[in-house]
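Structures given as structure tokens follow.
Two complexes are shown next, each including chain A; its partner changes from chain B in the first to chain C in the second.
Up next, the complex of A and B:
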């Protein structure tokens, strides 16, 4: 009986606190990261976005974050803890936080949630992601020109649509400028594991790759490329400091404008559950400076491609493109629709190997 | 030269006080660590130990401590028998994964059957999955005298890759946009391991863990099996004379710890984790080794050790978000706990002598 009473009091407190969060004058924003903020990749850039929110709003905002939160029960606890501590807005920045975010959002209807890279929305859960594949097109274009062995190494994380989309976009762009180009793919089954990523990079170089691309979060592959005199691209953040000569360019995630806008919306009371998928045009995906090793004409054509993607005159997936098995996917001039891109589970024609299944 | 000399008569009181002294030392040196990081150490220590248990939002955290502690305790209890007998199962993480995969696959195969039998069957299959995975190192040790530490540890990586193969293949949610995840057990009521009383965190795994603590206590203190285990660890030759078959002991200890780890994996999967993903294993099987030793391999000790470690996890997340401390500092703090436990242990059982050995 006593236990029951305590529980009821607890439940009442939850409801009460949910209401209280609104009454505070400082807007509290929480961030949940899947990796360490020092990964110099994915989580690092989300944390840069958090700092930008602090800078933009100064005293009017208070941010909090927890790093290296495992997806699953632990993330649910961390989100609940932030909501209990009065967060008004919580960004959960990994795909695996999807169900936990939805679960916690149900318990705290007055707290706004923003889930990155997922597909489940609710009244108080917005979703957002970036069109990283546009960046892949630009670096694929550069890699196609720069490879001497005609072999590009690709460190992939998990065979989910986002990663497969990136592989396809990079390959299509590289193939366009270099018909002989081959893509070697290693599946690391991790987002962040410097040792594994370094092993993957070494393996790819031993198989003849002279340029490394990656869809994992650490700069380990960049370090290996620097050591072995190969090229690589910064992933998520610039990573120049890890490969001063190896780095050709980079895909930079810039979450700051989005985070600032969404925080502003909560302050103004105009926040709504939305689904955002922004690319180079909106500035969510940036292309880092070009290395001097890239010849001027390639720099110019890469810049032109970037600008075309920005203006919308070019799409990363423009036909004619066949699927790997040779069946037709996009007719000449046709561009891929977002639905297909979001569920992409096939390679395009020319890529060797198969999607792990 | 400094050297250690065994104490002829280590104080029983001191042996009992060891864990408490270790916690105090951790608080002091952990506090210093937080000072170096520019934080108020008293705030930090209070947030780690006080807030989860008695702070403003403790009504929520107390339940979460149980959620976090239950698998640690269940696995550690299984390990403690082997550790007492000198059989080192380091691969509980792999058995945890296999229990979840085999038990989970059983449930998914029956989806969407609406029957009370589904969940118990999954628990059984999960335990068997862990049991068989634990018996592999046992078999190799008995047959070829292969080192069970290495074999069980390496089987963790095999289990992980098996999990990856399963969730990207046969067990992948057909309605899940090709993401490497199984169906959610939340949406499959017959296979779900829910929070039994809202807000308490208590699920079936927590209740079963408590039952196993009691059973383990009886086994180790009152049953011939517990006696044999202790004998095999302390005096293997004497154990042989007493009729303890060492091969049987190896099979039982590795099988038992595997089964308990597998069962813990199944409860974790169907409850707190919710579904099979490639990120399902978060290291319970490895942390349980610390819990087993922190609890002096005794069931009641393990119960408290599991709860203590769970408190530092929950409290660790609190100080991270409240004080903006890096995760690594929390891990250092948790590491200190084990370090000081072992250090105090040594000092209780040994004297430090300075100078050369005096030969008599």
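Up next, the complex of A and C:
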């Protein structure tokens, strides 16, 4: 009897140890989102990436996420908690998490961090972003052709380089096909506030815009465009269900391949602090299906532009381009270097208004 | 530069209505001596429940009814906690907000990307064709008129009815009201439920008319604005309209100014609605005696019959 007990205890111990070993094998990956995962825009697509990681690695990985985390001090608390919970890799998915990520990363040198859309790197902080401006060029091209009032409305979020770059790219592409085109810009000073985004779309339409572009996260503007019989583009996600007739096309973010590759690197022990900036070519930026409202020749030229951007034969920022004040920026045929693009804080010539500071 | 004042006023009314509805409810709650910080949670519950009901029934009217009921049910949770279990009102209200946001996200999981049935404009027998006044006053959906009508009713109730007097007595001094034989707890529970119903209506106005769609967390702080507007109005019903329309007005105006390319620094414009609210709050509370006269004396205090 005593022997049996000892055997059982021994067996239990072995099982227990086995279980522990298995738990340690698991790679823990954390995600911090700025909006709710159900925003059907930015955070939604990051969460799709997280799900893809779970699918790809199955039992070998454990993911966790916190949604609707305000940018600033509160995000530091969330990241610290994730690191304390044993995360091996943490993706912080909004520009405003930049300094908090750097701060927390200093305290946890063994945890790997990945910050999206920022520019501050450290030994254990890699940065990644997508060349959304390539997508902006394609939708700007379409908008330039499609606008009847020659006025495009643009709902911007915060005056950071990424957003200004998007405005410039869309304007350059639209202006190229429609010299009379004008851009009306509203700064919402939020990433996610459906009511405010809807009000901004309404205001732009009342001021004569017949096509709405947005750099905010919710599909509210798409809904308003649908209601008022105007056009809009899906942002970050396809958003077709919100504007079956209003949606012309969309810029779709696809983070899954990157998230899977980085998780793999942590598992293999080959993770390094890198700076990634992928575009249409690598598949990080996708262009949604074209609406049937777009004439065939415009669909063809938009597809050609997309392919040229993929092959590298065209760049969204190709000279001659002047800055807003008329000073020369890019000479004829010259393309913008990544450094200038990453720090872009000026409008190109032709855009009205000034960049808020 | 051609900002149409007519369309500006028409959109500011739409922007102000959800806040006005929620603030009207909260005014009654606070007049009864209860501070319910859960307005945001009740609004978002109203937004999703009203949305689900409207989509499934095809009728916005049913949606609004269900939204009011769901807001009231959620507020009942707060009523039980604070009135029967004597929990702290501030903590319970905050918990209600968090609970409401989470529950609404859960309920709304399969309702993203659906278009709600549209609410028809109220028919004013052709008066909407009158120039200027027509589009401003006679070209809205029924809920806009209802929200103003509700303020009128609340004003009459508080000022001219016996029941309103009793409600105010409970809010000013619950011990005295209790000594006079009034059912303090029952009155407060009813007031809380009215507040919940109004917040639910406000939320449904967001998801069915203003945006109109369901997105997680779509109230985005509207409930907190409603709370501020009650103080802003110094607990007087008519000033609620002023406060809500002022807030809505500055919000809409700044967006239109931007769209028109006015050279005013945008960050100040975005701040403006909140700045105006703070400034008015400061002016309102500058005169200490008046401010303290206006606030219900028992606001936020726990009542127990034995004390």
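The working rule: the second predicted complex is superposed on the first by the 333 of 357 C-alpha atoms of A that agree within 3 Å, B and C clash if a C-alpha of one lies under 4 Å from a C-alpha of the other, contacts with A are read in each partner's own complex, and residues count from 1 in each chain.
One rule holds for everything that comes next: a residue touches a chain if its C-beta (ideal position, glycine included) is under 8 Å from a C-beta of that chain, and two chains touch if they have at least 3 such contacts.
Predicted model only: the values in this text are computed from it and were never measured.
Participant: Thinking of the overlay built on chain A, is A:153 touched by chain B (first), by chain C (second), by both, or by neither?
Facilitator: second
Participant: Once the structures are superposed on A, label A:331 by its partner contacts, choosing first (chain B), second (chain C), both or neither.
Facilitator: Neither: A:331 stays clear of chain B and chain C.
Participant: Looking at the overlay, what does A:219 touch: chain B (first), chain C (second), both, or neither?
Facilitator: second
Participant: So, A:78: does it touch chain B (first), chain C (second), both, or neither?
Facilitator: In the superposition, A:78 touches chain B alone.
Participant: Would you check which partner chain A:296 touches, where first means chain B only, second means chain C only, and both and neither mean what they say?
Facilitator: neither
Participant: Output check: A:68 vs chain B and chain C. Expected answer is one of first, second, both, neither. What do you get?
Facilitator: A:68: touches chain B and chain C.
Participant: Going by the contact rule set out at the top, does A:36 touch chain B (first), chain C (second), both, or neither?
Facilitator: Both partners, chain B and chain C.
Participant: I'd like to know which partner A:189 touches here: chain B for first, chain C for second, both or neither.
Facilitator: A:189: touches chain B and chain C.
Participant: Do any residues of chain A touch both chain B and chain C, and if so, which are they?
Facilitator: Dual-contact residues (chain A): 36-38, 68, 159, 189, 356-357.
Participant: How about chain C: which of its residues touch chain A in the complex?
Facilitator: Residues 3-4, 7, 11, 15, 18, 105, 108-109, 112-115, 118, 206, 210-213, 215-222, 251-252, 255-256, 258-261, 263, 265-267, 270 of chain C touch chain A in their complex.
Participant: Taking the complex as given, what residues does chain B use to touch chain A?
Facilitator: 57, 59-61, 64, 67-68, 161, 164, 168-169, 177-180, 184, 186, 197-200, 268, 271-275, 277-280, 282, 313-314, 317-318, 320-322, 324, 326-328
Participant: Using the touch definition up top, name the residues of chain A that touch chain C in the complex.
Facilitator: Interface residues on the chain A side: 35-40, 68, 153, 159, 184-190, 192-196, 198-200, 202-204, 206-207, 209, 218-220, 223-224, 226-227, 241-242, 352-354, 356-357.
Participant: Which residues of chain A touch chain B in the complex?
Facilitator: So the residues of chain A in touch with chain B come to 3, 6-7, 9-11, 13-14, 17, 30, 36-38, 64-74, 76-78, 80-82, 84-85, 95-96, 99, 119, 158-161, 189, 342-343, 345, 356-357.
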